[in-house]
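Letters A, B, C, D, E and F name the chains as they come in the text, with residue numbers starting at 1 for each one.
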Amino acid sequence: MEYSARNQLKGKVTGVELGAVMANIKIEVEDPNTITAVITKESAERLGLAEGDDVVALIKSTEVIVGK
Amino acid sequence: MEYSARNQLKGKVTGVELGAVMANIKIEVEDPNTITAVITKESAERLGLAEGDDVVALIKSTEVIVGK
Amino acid sequence: MEYSARNQLKGKVTGVELGAVMANIKIEVEDPNTITAVITKESAERLGLAEGDDVVALIKSTEVIVGK
Amino acid sequence: MEYSARNQLKGKVTGVELGAVMANIKIEVEDPNTITAVITKESAERLGLAEGDDVVALIKSTEVIVGK
Amino acid sequence: MEYSARNQLKGKVTGVELGAVMANIKIEVEDPNTITAVITKESAERLGLAEGDDVVALIKSTEVIVGK
Amino acid sequence: MEYSARNQLKGKVTGVELGAVMANIKIEVEDPNTITAVITKESAERLGLAEGDDVVALIKSTEVIVGK
């Protein structure tokens, strides 16, 4: 299946921090850039996210703000 | 001023397409990755976005989906 | 690949309306519910969305507002 | 009052999980589909969300990703 | 019906600009602040938005970025 | 640096509540309006948000729902 979301950045998980409801995931997309994703704890557990995992950060284009 | 949004990717504008209300901005953040941002036409014009501009793509961490 | 976004509603495309930059996609997820998705025109064209297509509407849980 | 958000799915709350700041709400919109909504704990408490409540999941069309 | 979205700013419509798919709505929430909302053209037409209308801008708290 | 996000409301922090992963920030933008922002705890700490701080609430126009 292919998704309409244009922005798909490949990276590696470098940190997983679980809260009661949410989880903070660090994804190194390319040195020195790190993407922070906040997802539900249940999704983090369902995907079994752990350091070293190869993942994709998916971002819809309407969510991107441009600064100049 | 510093913003809470963690994800700030530096890049260069490689395309600006204006519609009646919205605008599609292409930002090459690092070869071969391109970020697509959809913003209002008025913001694209207010910032004077043009090919070659150095810009930042700002993305709130709650907007990022993780795929594995 | 599996995604963190929990909400994945299966449906059928019942309408595609293209603007200059954006596209309005109607997805019948289950009679009588219709989901409206606004995506970029380029994504609509890349996916070749047309009436009758079987698709999935993917929605991150942080984007859902609850009314009672 | 009527809202611009097009997507309004009626359902019943089947789960409420409170964290320190956020809350995870499960809404059965139609068997077998369940919508997960993450809202603030204070909103969950203000609405008094509990299992069995009839609710509406409200989703803006720009937040929907299409997969095909 | 009451919604989980905490941020509900009352204002008056001061501008409506229709594109093919999207619409840009200006809402003066309190002099000198103006909120810009981008919604689908069909929602703008369904609500019959016009200058002078009393409206509410509804914003989920997860969508707000803080700058300091 | 200037950002494409049109909606920038000035206010004062009136509450900071930290969870394990997320933080709930109250911003009084103008009596009697209060904006609630949910950001990551790490961003709240990085910005050193505390009651009395002068801040800006930044909201992309595609995130605003209009009620009439």
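By definition in this document, a contact is a pair of C-beta atoms (placed from the backbone, for glycine too) under 8 Å apart; a residue touches a chain by one contact, two chains touch by 3 or more.
All of these numbers come straight from a predicted model, not from anything done at the bench.
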| item | value |
| --- | --- |
| Candidate from A-D, C-D or A-C with the same interface as D-F, over half of contact pairs in common | A-D |
| Rotation in the CA alignment of chain A with chain C, degrees, nearest 5 | 180 |
| Greatest separation from chain A - chain, by CA centre | E |
| Between chain E and chain F, centroid-to-centroid distance (C-alpha), Å | 18 |
| Inter-centroid spacing, chain E versus chain A (mean Cα positions, whole Å) | 30 |
| Geometric centre distance via CA averages, chain E-chain D, whole Å | 21 |
| Chain B, residues touching no fewer than two other chains | 1-6, 19-22, 24, 36-40, 42-43, 47, 56, 58, 60-63, 65-68 |
| Touching pairs among all chains present in the structure | A-B, A-C, A-D, A-F, B-C, B-E, B-F, C-D, C-E, D-E, D-F, E-F |
| Contacting residues of chain C [partner chain A, same complex] | 1-6, 37-40, 42-44, 46-47, 56, 58, 60-62 |
| Parts of chain F lying in touch with chain E, wherever the complex brings them together | 5-9, 24-25, 27, 29-30, 33, 35-39, 43, 47-49, 53-68 |
| Touching residues (chain side chain C, partner chain E) in the complex | 17-24, 36, 38, 62-63, 65-68 |
